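Consider the two complexes below, in which chain A is the common component and chain B and chain C are the respective partners.
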Partner chain A sequence: MTDSTNKEIGRQPSPYFGYLTKALGTLGSIATTMLGLLFITFVIGRVMPIDPIIAVLGERASKEAYDAMYIEMGLDKPVIIQFLNYIWDVVRGDFGMSLLNARPVVDDIIRVFPATLELATIGTMIGVVLGVPLGVVAAVNRGTWIDQIARVIALVGYSMPIFWLGLVGLLVFYGILGWVGGPGRIGIFYVDLVPTVTGLILVDSIIDGQWDVFWDAVSHIILPASLLGYYSLAYISRMTRSFMLEQMGAEYIITARVKGMSEWAVIWRHAFANIKVPLITVIALSYANLLEGSVLTEIIFAWPGIGSYITTALLSADMNAVLGGTVVVGLLFVCLNIFSDLLYKFFDPRAK
Partner chain B sequence: MTYVSKILTSTALGLTLAMSPVLAIAETPDNMLVIANRIDDITTLDPAESFEFAGSDVSRNVYGRLVNFDPLNLDAGYKPDLAASWTVSDDGKTITFTMRDGVKFHSGNPVSAEDAEFSLRRAVILNKTPSFILTQFGFTADNVATTIVANGNTLSITTDKRYATSFVLNCLTAVIGGIVDKKTVMANEVDGDMGNSWLKTNSAGSGAYKVVSWKPNDSVTLQSNPDFYQGAPAMKRVIVRHVQESATQRLLLEKGDIDVARNLNPEDVAGISGKDGIAVDSELRGRLMYMAFNQKHPELSKPKVRLALKYLPDYKGMQDSFLKGQYTIHQAFLPRTYLGAIDDKPFSLDVAKAKALMAEAGVSGFEIEVGVREAQERIEIAQSLQNSFAQVGVKLNITVGTAKQILTRYRARELDMYLGAWGPDYPDPQTNAGTFAFNPDNSDEKKATGLLAYRNAWDPGAMNQAVEAAVIEGDRDKRAKMYQDMQRQHQMESPFGVMFQKIEQTGRRANVKNLNLGGAITSVSYWPVTK
Partner chain C sequence: MNSAPETKGSARQLEAWLLSNTPTSRRHARLGSLYKGWLKLKSNKLAMLGLFILIALVVIAILAPIISPADPFEQNLGNRLKPLGTEGHFLGTDSLGRDLLSRLIYGSQITLYIVALVALIAPVAGLFVGTMAGYLGGWADVVLMRVTDIFLAFPRLVLALAFVAALGAGIENAVIAISLTAWPPYARIARAETLTIRNSDYISAVKLQGAGGLRIIVKHIWPLCISSLIVRVTLDMAGIILAAAGLGFLGLGAQPPSPEWGAMVSEGRKFILDHWWVATVPGLAIFTVSLGFNLLGDGLRDVLDPKDSGDE
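Up next, the complex of A and B:
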């Protein structure tokens, strides 16, 4: 972004060496971040005032069953050993068994994560498609009634409690108007009709060519996704507006206008081209937030995603599931960060 | 979601609903039952291990048991199921079951005495959490080869001493008494686990339904067994969907996308009551809300003082306000629908009487600490008690803590008073009598922390013998009478003040008939359901 970046790139003896050190540096920072995340989650798991054994066996377990489980869960070993064992397992892709449903946590995550991924992706798409133009229009028409309306839309998005909006949305669009499907990912009649390939029902139904399943899934996802999309929209449109205002006041815009360029070209080819980079960060962040799983939306819409999975696990002291879920979400954040870094380079001509 | 935000939501939703036109109704198919329920407590479907509500709901419909409750007549007590009849030896220690002919597992294998032998032995050997329900009769992994024995068409079980037949049979109606298909289960054995890890997610029963799938926190799908020995169920498929939020369940029910909503909060129940096409059922559950006084406390150990305190809770006021639709007044240690349960309610809010009793005891006032777990309704009960106790000069200091904090102190006999809930473990009166009224050694060294009487440092005296006698009384009616007498004495003398019994309100589409939720003693039955 600044001139120094340019100079640094110019100074590199060989571009390949540069890429290598950068890649190693990135890997190092991922490893450190993940280790820190694991450590904090692990510690929280240990200090929680819940006995994991009672969580598994129930309050009235016999002494023998309790002791056997104590050893089985490795709780007899020093905490540091437990932590190291855990890291070793995670590195091998083994998050252990869920304490509560006795299935591998990895399987659970593979089952619940696509639901969240689908919801977050569609939500973000809605947020971007509507939020960016709204922000641009608001900035261009700064101070007019258009700007005011955009502001109110965003403000409502920011400040309405999501569960309330979700319930009222359900009531109106599902209950009264019947335009959309109800809570859940898919109607009762379509459950398990298409073979699971990606776990994303929208994609799986297309692969299988089952269009009625696809449309049913669309009718179920559209409301919660719009709701989440509204929240991204609120954030994205406000950020877009302020980025645009900054650009619109710049001298090159005046120059462009003086040269007699059309207003459309001034806005989209000049000003907007310059806000793409910071906008990517904003969108990536908002996407990452949705991927974390929006617990309340998932609960209201009976959406079996990762947010409600981690919450349920946390409340039932299923620490393997909590740690597994947290690691996956953490890894996603890191990956999205790297991805948006790569996009920077793509969109920022100075980085090329 | 916080409590306040819940109220806001419900109010907002209620208002909107009230003003909205009638919802367009979709309907589920005639041969399918769709239920919304919180099923996140299911940890396993293996009958030798399952011990939670939603898991018991599945088990009851999937596994036949030797004896079982008839869903259309729960009050009749256990009836023959996979065992057609049974005889009891003269010494009362051996029960010999004759198996019902012609019943098949879902696999097509016939249900034999050998399967029953395997299932009960397996439950003892695996030694999972609910295994105590069987092992309390003296069965151990070492002796099952001689105590649980199949012979041709019969199965004999021999207990370590004489027990009431009704006690043993009631216990066999629990989830752990489920009879599994030995051939199928052993074909799926891994590392000598007797099929435990396979049965966690699969089923091998002979009941009205078989498990198609269980997706944790998502759904349980059951398919009917057309060869069910009591006749093919009308509902071919039963789908239980995990829907956490009461308001969402209500909306699904009103819209007709589900047939039954199992977790409606009182606000939502009020909202749907009286609406066309919807019925609300109230079902008694086994959980009791009680207060208990530590007998190590000098004042609380005086009989008249503890009796006085039982006249102080505003039973009716609480039932009709914040406990509405969740708890109903009940004042004896056996939940209603249990063998020997009584409905006597000798106590009501009577400050004058409490004052008189305190005066007779020569006590004017004192200060005590009550331990309460951080659950909304318990804290509200504690606050209500705080008010009414103050009227006789008893200052109640409320300590709220996590389950672990409060239970640890309760078990260590450190609390002056405890306010909390107790749920029975198995469908026999002994489950509660053996803890509320039994404590043969009250010394600190004994550490019998599993017994509620011990936790309150109470020596039940002669009641210990009464409990032991009831456990071996062979005649079911006589035994019921013994518990009735015991509870009447317990109400007046013990340091326990049982206040409420849990009720659950279920919303259903009015066209759904014969849905029995199992009361306090068993679980839901889907097979009699018709639409």
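Up next, the complex of A and C:
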């Protein structure tokens, strides 16, 4: 480092100051996004046509009980105080009581969440394993029939109503062919056989060494996870293709070819090596999308995850559960988004 | 007899006029570039297939009262769950003995209604927010874009579910809920376009002529944002159809006895093992229409926005 650059740095407070302000800025934007999210759920909770007090006490509550509840729930306070109370509750992990089973909503969410996580994770894995090679192959064979087929596969994936695909999949692979387990996470004979450690049945059964439970769980998850995987395949393969096209047009590829490298090495060792970073952010995004996209799939497959939980609560007007579930999914979604953003900034020097 | 070659000749003249390299007026140039875009789109067979599907959808929706073989609401319990190809019921009947083909045909009206409403609300809202943010800059930009980011960060289907839960089930509320979740990407696009346009010379020229902010945004910035918005709308339509059908499937969109396709799948779900067509046929209709939008959108993107498509 020369003297002049040292002086320049010396003139600024500290090189770390820049990082600090940047980090604070990122934290600030995360905080505002989260606040905004809570604000939206708060507003939804306020404008809903259900009286929260009647929902708790029932139609025939006396005037005194009603008024007491009104004060207990803090509805007499100004809206801004109510909002702050709401934030404080959420920060403490208190989403209120479920009106259906009178248990804390957060307990229910912790119970159902691993099922969704398991489904979305396996789905994303399928999407990555199949989608990335498909995108690379399409890019390498650009403009040929292979590229066209890859395009149609992706477009069909974008266009398919997932609840319908789930129904047809169940009809064909379970109803007619009998290749996979039916709805639910596990067959009825295996319920509660495995002690809960992580809540992920696949992991728990391996920990416990119960392989028949494991294979039964696999036969149940494979169909819904494949369907979800198809959606992330569609997205991942298209993004991989366009990233690859960008790299394959670059000059260093020509240099590598001129040097006499094999096409395989050019594609995988050079071009593909350079798209890993954007690809990881795409995968993180598609994972986030699967977490929420599993709502309809879970209903078709009677999968006891957070999607089923929110929908059941919704149909029985259990607003605490609906909003609690929405906040959790929303927070996760925001976190994954930010994570993929940070990842990109961290690995790609151009983004700095 | 004589007129045939003559019209052919005039068509060729028209084509030559459209493809002219030296347009004589602004309208001439505009029509010419439209025609060139059309030629490019026409060479894309998949996009043409998409266009054909959508035109067929519109025609079917308009002619629904004429072409549907039966009343979509007329129940006939003696005639329920008839299979495909039954006499008088080409696609069979549902659990209440209603003709499935007629319900499908009338359902196309609902699909178009939802798509048209969302396509009117969301991009316009996004255009408004995005151009305001981009043109005004400063605090307005920061605040508007932060709001946009918040909505963008929210999972769309779950947000739509929560909105419908608050507003109540129904087709209009489904449209509002979907629009509320659909506008942020448009705002992002419109803002990006505005930022590149804002400092160009012609805007300065208009400013020197004394045009106010509103006039500049509406007359000089909006028109330039339109083409990228159109591509985005076409590509989004498929997602909107799927979201609406998903809400219908959950019983939160169009209410029975309305022949909304998603709700029809949900109705047929109970009989899927023995009477598979009741749920399968409406699902195919949803798939076909959203595929049509995706194919056309993909082709339009190649024509209007070549830098994005990865081709050429």
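Just so we're on the same page, the second predicted complex is superposed on the first by the 277 of 352 C-alpha atoms of A that agree within 3 Å, B and C clash if a C-alpha of one lies under 4 Å from a C-alpha of the other, contacts with A are read in each partner's own complex, and residues count from 1 in each chain.
The working rule: a residue touches a chain if its C-beta (ideal position, glycine included) is under 8 Å from a C-beta of that chain, and two chains touch if they have at least 3 such contacts.
Everything numeric in this text was worked out from a predicted model, so none of it was measured.
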item	value
Contacts of A:Gly25 with chain B and chain C, given as first, second, both or neither	neither
Touched partner set for A:Pro133, first chain B, second chain C, both or neither	neither
Which of chain B and chain C A:Arg111 touches, first, second, both or neither	first
Which superposed partner A:Thr33 touches (first chain B, second chain C, both, neither)	second
Chain B versus chain C as contact partner of A:Ser242, first or second or both or neither	second
Which superposed partner A:Gly330 touches (first chain B, second chain C, both, neither)	second
Residue contacts on chain A - larger count, chain B or chain C	C
Partner chain in contact with A:Gly74 - chain B first, chain C second, else both or neither	neither
Common interface residues of chain A - those touching chain B in one complex and chain C in the other	49, 161, 163-164, 167-168, 170-171, 175, 296, 299
Parts of chain A lying in touch with chain C, wherever the complex brings them together	29, 32-33, 36-37, 40-41, 44-45, 47-49, 142-143, 148, 151-152, 155-156, 158-165, 167-168, 170-171, 175, 241-242, 245-246, 288-289, 291-293, 295-296, 299, 310-311, 314-315, 317, 319, 322-323, 325-326, 329-330, 333-334, 337
Complex contacts: residues of chain B adjacent to chain A	1, 5, 8-9, 12-13, 16-17, 20-21, 23-24, 28, 32, 34, 36, 40, 42-44, 51, 127-129, 131-132, 197, 200-201, 213, 215-219, 221, 239, 241-245, 247-248, 251-252, 254-255, 257, 402-405, 407, 425, 450
In the complex, chain C residues that touch chain A	46, 146-147, 149-151, 153-159, 161-168, 238-239, 242, 245-246, 249-252, 262, 265-266, 269, 272-273, 276, 279-280, 283-284, 286-287, 290-291, 293-295, 298, 310-311
In the complex with chain B, residue positions of chain A that touch it	49-51, 56-62, 64-65, 98, 100-103, 108, 111-112, 161, 163-164, 167-168, 170-171, 174-176, 178, 182-184, 188, 191-192, 296, 299-302, 304, 308-309, 312, 316
